[in-house]
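Got a structure for you, questions after.
Naming follows writing order (A, B, C and D), and every chain is counted from residue 1.
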Amino acid sequence: MTSKKKEEHEVLPKKEENEHKEPKEPVRAYFSKERALTESSDNARELYNQSRYGTLLDDGRVQLSLIEGLYLIEKKRLMVYDSKNKLIDFGAFLKKAQKVEPNFWVRYCVYRDIRNRGYIIKTALKFGADFRIYDRGVKPGEDHARWVVFPVNEGSSLTWYEFSAKNRVAHSTKKRLLIGCVDDEGDCTYWEVRWLRP
Amino acid sequence: MTSKKKEEHEVLPKKEENEHKEPKEPVRAYFSKERALTESSDNARELYNQSRYGTLLDDGRVQLSLIEGLYLIEKKRLMVYDSKNKLIDFGAFLKKAQKVEPNFWVRYCVYRDIRNRGYIIKTALKFGADFRIYDRGVKPGEDHARWVVFPVNEGSSLTWYEFSAKNRVAHSTKKRLLIGCVDDEGDCTYWEVRWLRP
Amino acid sequence: MTSKKKEEHEVLPKKEENEHKEPKEPVRAYFSKERALTESSDNARELYNQSRYGTLLDDGRVQLSLIEGLYLIEKKRLMVYDSKNKLIDFGAFLKKAQKVEPNFWVRYCVYRDIRNRGYIIKTALKFGADFRIYDRGVKPGEDHARWVVFPVNEGSSLTWYEFSAKNRVAHSTKKRLLIGCVDDEGDCTYWEVRWLRP
Amino acid sequence: MTSKKKEEHEVLPKKEENEHKEPKEPVRAYFSKERALTESSDNARELYNQSRYGTLLDDGRVQLSLIEGLYLIEKKRLMVYDSKNKLIDFGAFLKKAQKVEPNFWVRYCVYRDIRNRGYIIKTALKFGADFRIYDRGVKPGEDHARWVVFPVNEGSSLTWYEFSAKNRVAHSTKKRLLIGCVDDEGDCTYWEVRWLRP
């Protein structure tokens, strides 16, 4: 409990306009159960190279998670097809994703909101959280992630054991803890939590 | 993944007979919202000194958590009274406790089971778990706890993010992770989990 | 989400020895239902002047809350008598206090812990919280309080609406939010929470 | 719950460089719906003899599962052709495999990761699991497999009934249970689980 009076409440920047001024040809991809796999093209690789969507495979294709896939569909940068070459639209993709991942929508809302603000956000499964977020302008590999974020639904509740665990997780991975609470309108409220050790 | 073929499945010892052969006069206590406070007596202090129930206050009384209180009522070692000096029996105590703590019953089942096996089990809130368990014959202060345990209800489910978090918590506190799953008959199944790091 | 990488985890200082080296004659006080009222003496007024215990009445006596009263009893700086001039010891005072205030013990644990660390802590009822805490060396009136603190019991749970409300309260009063979680052994874990506004 | 304090967290060895220093001529194979069938050649038989890929047929050819096939394609040790003698590259093979097996990618990630670490991993269908893993340097037939492994996708969830079943399966086949959780970047996190019997 030191004395830093001048420290202001940090403020997440306003949602940005889509940073891609010139609309690009959407990338083609096909759907499999838990992933979407793009064609091998420069546009596809740009998804990975510029903003770190998905993972780059050896043969030049980009493999996207369901959350990344839905986000890029929403941004009109991806068109996903099923095995019969039928286009899967946003609603159909969401429906499929929700069958596979029970918390998909809440997690998607936080993912989308953070991406819209211009941050790179990736899985944090191995750290014990849903996502990790890199500071603005930082790409994975260049520096460590700054936050781990736990998306929660506004109607849920938490025990203090769970809250304590989340703090332990963040502390042991040397990241800041962010709770992203999603309301019924899909808006996100963020709280950054710090454990003050006795 | 080293090779220790001879390692046997560790087995929790069978439930023990109550170790207190001679029945003792139950300790008197009174109930407050989240605690039970004993009288100041040798019998009361023995609860703390011998088996580390509760915390010892300066004036010689022992303060018990609701879980400890209910366990000692069940063992006929405690009689708890309300502010009008009316005895609170097991059922009434349980009902009161469940009002204050939403997961009380599941946590109680694991607490009782571990205590019945002769282990000392205490809160692990500050470690990010429900309880910590000391090895047999070890008292808090003499050595570190060996396990952190998360009680879960058989009907619930878990995400892999939560599972990963529990492993992180155990690892960062240098304890072993125990999942204690309580079935509808109040019986407990235990799984010990180890994170194998790449 | 600005970039302050070097910012260290703030650490609450270790519990201090009681700062009053020379033991003083305990102050005498009388118990009334929700208060303790001291005699009018220099020693009594010092409680207020030095460490801001209670409120100073016009007639020179100091009126203490139940929490302040119990703390000073524990510190052997106060002796409280009932209307029959019978001394009320720690346990009896606690019992009386718990009848009046259902969350008394949890709130007391946080109050005691913060006081033991050398901070002045006072009610924050008018701010919408349990307590406010002043920075080290700061007395009420000299500067604003730095934190509002909400004591919670480890076994309880919280909805995100309640969590959000606590953040609003802290934010609107320009104080930092502190959750003080009291475990079954009376130990306190603190989390500081900041609302990051979209 | 015995006392083995010095037992260290076992650590999976770092990913190894491909142990085959001199690049070999890739083996030719033909695709059929759920299998790939190699030519009959010394190189093909070496796949089986050295590292137990596939099963050796009477006529000297090796039959590979889709997972084994894709892995060997990725390692450039296999070239698979369709019925029109057209080469099937990694992406096309993956697409075909995913049509046949819905969980193909998640299972593949675990298979690849374990193989990359130098273990022999084979199907465990008859044991009630996805794969069995042999200890380092052990080949099927020389000794029993040490683990059964269940690949899971990070976004999925599990009931405790399913978790219990996996433990039963491992226990009844006298193998250790390994959960291999695949995150959105294709990385694998492993947890070894042991059932502690009451």
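Simple rule for what comes next: a residue touches a chain if its C-beta (ideal position, glycine included) is under 8 Å from a C-beta of that chain, and two chains touch if they have at least 3 such contacts.
The structure presented is a predicted model; accordingly, all values stated were derived computationally and were not measured.
Q: Just grab the chain with the largest centre-to-centre distance to chain D, centres being mean Cα coordinates.
A: Relative to chain D, the chain with the farthest C-alpha centre is C.
Q: Using mean CA coordinates as chain centres, what's the gap between chain A and chain B in Å?
A: Each chain reduced to its C-alpha mean, chain A and chain B end up 38 Å apart.
Q: In angstrom, rounded to a whole number, how far apart do the mean CA points of chain B and chain C lie?
A: Roughly 30 Å separates the two chain centres.
Q: With centres defined as the mean C-alpha position, give me the chain C-chain D separation in Å.
A: It comes to 60 Å between the two C-alpha centres.
Q: I need the residues of chain A touching at least two other chains; which ones are they?
A: Each of 102-103, 125-126, 157, 159-161, 164, 167, 171 in chain A touches at least two other chains.
Q: In graph terms, with chains as vertices and touches as edges, which category applies: line, ring, star, complete, or other?
A: Contact pattern: none of line, ring, star or complete.
Q: For this entry, which pairs of chains touch?
A: Those chain pairs which touch are A-B, A-C, A-D, B-C, B-D.
Q: Where on chain B is chain C touching in the complex?
A: Checking each residue of chain B against chain C gives 30, 32-35, 37, 40, 55, 57-59, 61, 63, 65-68, 83, 100-104, 107, 122-123, 125-126.
Q: Chain C touches which residues of chain A in the complex?
A: Going by the criterion above, the answer is residues 1-3, 9-15, 113, 119, 133, 135-136, 146-147, 152-161, 163-164, 167, 171, 178, 181, 187-198.
Q: Quick one: which bits of chain A touch chain B in the complex? Just the residue numbers, please.
A: 102-103, 124-130, 150, 157, 159-161, 164-169, 171-173
Q: Which positions of chain D touch chain A when the two form their complex?
A: Answer in residue numbers: 74, 89-91, 94-95, 98-99, 102-106, 153-157, 181, 183-187, 189.
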